[in-house]
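The structures considered in this document are given below.
One chain, chain A, appears in both complexes that follow, with chain B as partner in the first and chain C in the second.
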Partner chain A sequence: MAKNNKLKIAIYWAASCGGCDVAVVEIGHNLLKLKEAADILFWPAAMDFKYSDVEAMPDKHIDVCLFNGSVRTSENEHIAKLLRAKSKVMVAFGSCAYEGCIPGLANLYNRGDILTRVYQETPSTENPDGVIPQPHCKVPEGDLDLPEFYESVKPVGMVVPVEYSVPGCPPVASQVWGVLEAIIAGKLPPVGAVLGAGDRNLCEECERVRDGTKVKQFVRPHEVIADPKKCFLEQGIVCSGPATRAGCGRPCIRVGMPCRGCYGPPEGVKDQGAKLLSAIMAVIDPEADVEQLVSQIVDPVGTLYRFSLSDSLLQQIKWQEAEKK
Partner chain B sequence: MTQTTKIRIDPITRLEGHGSINIFLDKAGKVVKTYFQIPELRGFEKFCEGRPVEEMPRITQRICGVCPTAHHMAAIKAADAVYHVDPPPTAKKIREMMYNFFFVADHATHFYILGGPDFVVGPDAPPAERNIFGVIAKVGLDIGSKVIQALQDTHEAVAIIGGRYINPVGTLPGGVSKPISEEERARLEQIARGCVEFGQLSLKLFEDIVLKNKQYVAMIKSDAFTHRTYYMGLVDEQNRTNFYDGKVRVVDPDGKEFVKYGPNEYLQHIAERVEPWTYLKFPYLKNVGWKGFVDGKDSGVYRATPLSRCNAADGMATPLAQAHYERFYHALGGKPVHATLATHWARLIELLYSGERALELACDPEITSTNIRTIPTATPDEGVGIVEAPRGTLTHHYITDERGLLRKVNLVVGTTNNHAPICMSVQKAAQGVIQPGKPVTQGLLNQVEMAFRAYDPCFGCATHAMPGQMPLTIKLHDEDGRLITVLSRDENGRVTTRNAEEL
Partner chain C sequence: MQHTDNTPHSFKDEVMAEPGGELLQRCYSCGTCVSMCLVNQTCPDYNPRRTMRMVMLDMREETFRNPTIWHCSACDLCHPHCPQGIHISDLMRAIKNVALRAGYESPLPSAKVDEHKCSGCDICEKACPYGALSLAAKTIDGKERKISQVDRSLCMACGICAAACPLSAITVEDYSNEKVAAQIQAGHWLKKAKSGDPKVLVFNCSWNLRAEADRDAMSELPANVRVVNVPCSGRIDPTFVLTALQAGVARVLVAGCQPGECHYKQGTRIAQGRMHTLNHMFEQMGMDAQRVQFVQIGTEDRGRLPATILDLVAELKSSTVAVA
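On to the complex of A and B.
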């Protein structure tokens, strides 16, 4: 426990890939400044961490908890609740915690589908007895436990209340440091704000030329040699820029790849997919056969909601319907 | 006195989540069995169904934020195969160049931040010093700043080609999205020259600090850290190591070629076992068979690590790395080397190779060609892409419909290859240090850590970054599952023991 008045920070990963932790490490020399300004009470990617230590803390002992990863297992949920109780400010850090990210596409399938595919159906798996990993398991020497694999992926904000969110898969290093500086300086905006990003959409700062060209056909990125100076969408290549919050610096677009929306929806937009769909509709040639054009967008749900399915209105409706049943 | 005791080390951090080790002791206090569990699953093999195959390089890289570039490359090679498209030579070279810069960055991270501090700072040093800052203190600020510079530069190189270091983009079925300008090429060449120097510096450091220390060498060669297994690695046409392309070669515990297979043949040679106590599967050689967690020629357990790649190849394709490769086998008594801890040395030889290979490619007159795309024309159907990830051979297998939307996905991931050997190494290390009547100490924690750290920083992703603590708690339970003792290590590396009553 810290014996001084330094800021107390915690960084935790739930169901995540580690990229958000690497993103924190990517602040480089600023890590030393962070160490000077704050005590990092725990950071399992980088420091000693014991659940019992957190359990022993008084409530609200941690000033700011940066929580990355979504909630997929009973262990993730347990820790999210524990950290919520122990933290004054909880930040959903990175796309998984904020909106479910790409692993949230697993919500298109149920738990049983996933377990069957992974452990029984994959062609390299030899599993004549149909074994599936179990929360409790007896081995000859004793008992072993595994966390329960839940039915769906949830952003952490759906499991416990969070004060702020930081978008990005992962958040870019300069933005991460900006967020940490604001935390250190005690200059956080009103609760509910999205930190470490702009308010508007990516197109507002994109250097690609938009000349009002209307789309007569949608194509996939590998099917054409795109003009590197022109707007992707006006070339008929789906780009999530119009429905994505600015702040990443457009690294993907700069190397000739369309945005896929990892920074989530811009300020004031709840459903990123619906917003992107309306942006797509707006560029379609009015004389074209809209139905045919839209059918050229393959995998609409996985494209429009690549990073935000778990946090979408679509998902809410699905869960509400499941509850009614 | 209880009949059996379970020791649980939890969490030991990362492989797609956390890990835990359970050690069961018999009534005499001897280790009967250890279980290494991965308590997390995300299900990419299911939810990628329905996605367009050209998006897989951008989707599957979210499997691991430490080695996203490896998934990016395996995915794009599988997507090429699905579309039966052969990218122009420059596109392949650009991909391979990005991949080799990534390898330098990744291997450097492991040696200087994750696993290497055990040696550089010393296995007996306080854990609080076994981290990057401890490394800098040991090697001096001059070399330390070169390490930080090398990491920054290689991250920049990957970003020049792929937009960003974590989750790069820029590959498409049939090629890459952006050519390399002359200005970029010159910067990449400069960075690559730095990588070659850095590789040599790292090997010199290893020689001075590790190889000149008899105690370290004895530890590397000791039985506690040895397993005689099969070894796997990707090789080119002359059986030299290649990370981006080639055939998978497997040698037996005597070093003889057991099989060499192309990506499309992987299902004839690799099978995966499921155990109910962990979410991670156990790959093994199908034609040898699963005989349990044992080594030797009759067991299908194989390893896929930097050491394995050296064992599976006949040599390295670049001159400086080849010279070190020869020295490596000369010093360790010929091929194959079974010493798990020699993986650290092999990793540095690979780091040097990556630097040399990146430099070759950055100087290749074709690298700035703008002929970087072949538009796919064939009907997509099925394809397998294999690359070497830093942590082992990585296989992506896709089956699509006629529009290129995925119907089936199968993934055999880098570290997964080593799941069984890691279990075995952890067990052997535990058996070596836990003796009846001898208290369980820091030594256990350290040696058990070292056993798996040699394989894979994915377990310890940034574990040592700051301030260098491996998060470890050992819980001893009695046969009814009651907690007897908790052994834990504080941030200064002190080990404390608390009895159940104190908790």
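On to the complex of A and C.
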């Protein structure tokens, strides 16, 4: 690689769907500007790189690493630690890396439950011998190793320190480019900041009409034909907007879905699900039956902590209980 | 419009002309309302019977000078018992309105909105049982935004809005997030030796402590119990509960009023919705759902709160022994 003063960037995916890599590509023609300003030293989702390429780098060689995906396996952890050592600035990029995201909902179950479900119970699986993948196994050709599948999913910030976080599942292209521009210009805020998003909640940006209607019953989006102009919550559809950071541009709301919560909690809120619960139960109709309302929130963890479970207080308490056992 | 003692109306006529004030003269001063009133039990100067009498006697300034006329929170415990069918909270509202017009202000604390944090999401407006919050356009940092504003004359400082606000932009002074946290932590309670008896944290609606005997019993609880009194169980943000459990507290008990008897109309229902959903989430996570408990104490359930706490402590002790 030619010696030059260009910024050195790495982009990695751990336990993620690949959507965050697509989000980087979605900056479109700005990719050319990125290429002009920076050398991409490592981006396995887009080009051929080997882990040995990274291992060969001196420490702190990479200026900024955009790490997407959570930590589910020993491989994820190994690369997170490796990239941490090789990078000056590490960014938890996207909801998985920042707060666990949808993969984090697997923490409702343990490793054994998940492996049994996937390798034995799913209708599409044919596995008469009940083989479950093991980290190490011997075959006639020799010993085979697989990364270890951990008991639970963790945001990358729980495994290695990160300087910044970029929320979103995935982060929207305009925000991605905004973050990259800030990186290129060297104009990053104090360490610990959330990049590429607003401070307050999504309701601030939402154009839907709020007329003060209180919730008489909670319904799921598929159970009603929602008024396209009215606030979802006022129609009894749990919308994560009140407890979700603004900045996405409301792509879900625009296509008639309530906010799913992927931009994580607003500034100053540590537990998105608890805050959302606090807000939605405060706006219930005085005539409504409370127990019915409670039972109408089917799958409360998946609804209130859809993206933030593995970074929540609820999760911490579960881990503590598991440790005691 | 300023009214002075020279106005042609009598004070009584003025109150009766106010919506809600119409039935004033039905009152024959039996005092049943006072016997039902929770405010009167903790603040004997607040006496709706006497206030109504004073209005009937045109004692305008004397009525306004009593700072307790603002204390009625419209819990309406008195209303079904009034033999004359007077809706006393409406009448107290009428008196407050006349006082407001005369330039008097409520001395009660009120909710305050941090305009920089507020997004205008409107959750508080729907949450407030008194209609004390509403949105108004304001220019903040050069941008026009809709911001929540508190009508001090309507606010009862119950704190329901403070818990409801997803941005923690609303504070009720004595029960701010920081002060509640400080009450929990006072004397380093959370940090005290983990080997001791399992800790029980009680968030109690202060209207639950009506009888002297209950207050005494609450002051004699063992050291592993910490009671944090709040104006209303609706002030309890589930974040408080989870934060305490995460800090090592074994059980959190939230005590509200019986539905229909809530001092702030809706608070206990809101708390019920929050705490029971927390229970469901604990079950879903495969955790011990008993770690969060919610009880609703009726106005006549004397002794129930301290007894519930002591039962909880005893049960916890026996279960710890069993495990060991």
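Assume the second predicted complex is superposed on the first by the 320 of 325 C-alpha atoms of A that agree within 3 Å, B and C clash if a C-alpha of one lies under 4 Å from a C-alpha of the other, contacts with A are read in each partner's own complex, and residues count from 1 in each chain.
Following the convention adopted for this analysis, a residue touches a chain if its C-beta (ideal position, glycine included) is under 8 Å from a C-beta of that chain, and two chains touch if they have at least 3 such contacts.
Treat the numbers as computed from the prediction; the structure is a model and nothing was measured.
**Q** So if we stack both complexes on chain A, do chain B and chain C clash, or do they fit?
**A** With chain A as the common anchor, chain B and chain C both fit in the superposed model.
**Q** Counting residues of chain A in contact, which comes out ahead: chain B or chain C?
**A** Larger number of chain A residues touched: B.
**Q** Just checking: does A:299 make contact with chain B only, chain C only, both, or neither of them? Give me first, second, both or neither.
**A** both
**Q** Once the structures are superposed on A, label A:112 by its partner contacts, choosing first (chain B), second (chain C), both or neither.
**A** In the superposition, A:112 touches no partner, neither chain B nor chain C.
**Q** Touching A:143 in the superposition: chain B (first), chain C (second), both, neither?
**A** After superposing on A, A:143 lies in contact with chain B but is clear of chain C.
**Q** Between the C-alpha centres of chain B and chain C, what angle is opened at the C-alpha centre of chain A, expressed to the nearest 10°?
**A** 140
**Q** Once chain A of both complexes is superposed, is A:189 in touch with chain B (first), chain C (second), both, or neither?
**A** After superposing on A, A:189 lies clear of both chain B and chain C.
**Q** Taking the superposition on A as described, I'd like to know which of chain B and chain C A:161 touches: first, second, both or neither.
**A** In the superposed model, A:161 contacts neither chain B nor chain C.
**Q** Is A:16 touching the first partner chain B, the second partner chain C, both, or neither of them?
**A** first
**Q** State the minimum pairwise Cα distance, in Å, between chain B and chain C in the overlaid complexes.
**A** Nearest C-alpha atoms of the two chains are 9 Å apart.
**Q** Which residues of chain A are in contact with chain B in one complex and with chain C in the other?
**A** 108, 299
**Q** Under the touch definition given earlier, write down the residues of chain B that touch chain A in their complex.
**A** Against chain A, the touching part of chain B is residues 4, 6, 11, 13-14, 16-18, 22, 24, 32-33, 35, 37, 39-47, 49-52, 54-55, 58-59, 62-66, 68, 83, 148, 152, 155, 159, 161-167, 169-170, 172-174, 177-178, 266-267, 270-279, 281, 283, 286, 290, 373, 375-376, 397, 403-405, 408, 410, 412, 458, 461-467, 469-473, 479, 481, 486, 488-491, 503.
**Q** Please output the residues of chain A touching chain C within their complex, sorted ascending.
**A** 108, 200-201, 203-204, 210, 212-214, 241-243, 246, 266-271, 273-279, 281-284, 286, 290-291, 293-294, 297, 299-301, 304, 312-314, 316-318, 320-321
**Q** Note which residues of chain A are touching chain B in the complex, please.
**A** Answer in residue numbers: 13, 15-23, 25-26, 28-29, 31, 35, 40, 44-50, 52, 72-73, 75, 101-103, 105-106, 108-109, 113-114, 117-119, 122-127, 131-134, 137, 139-144, 146-147, 149, 169-170, 172, 220-225, 228, 251-252, 254-257, 260, 298-299, 302-303.
**Q** Any idea which chain C residues touch chain A in the complex?
**A** Against chain A, chain C makes touches at 117-123, 125-127, 129, 145, 160-161, 163-168, 234, 237-239, 241-243, 245-246, 248, 259, 265-266, 269-270, 272-274, 276-278, 280-281, 284-288, 291.
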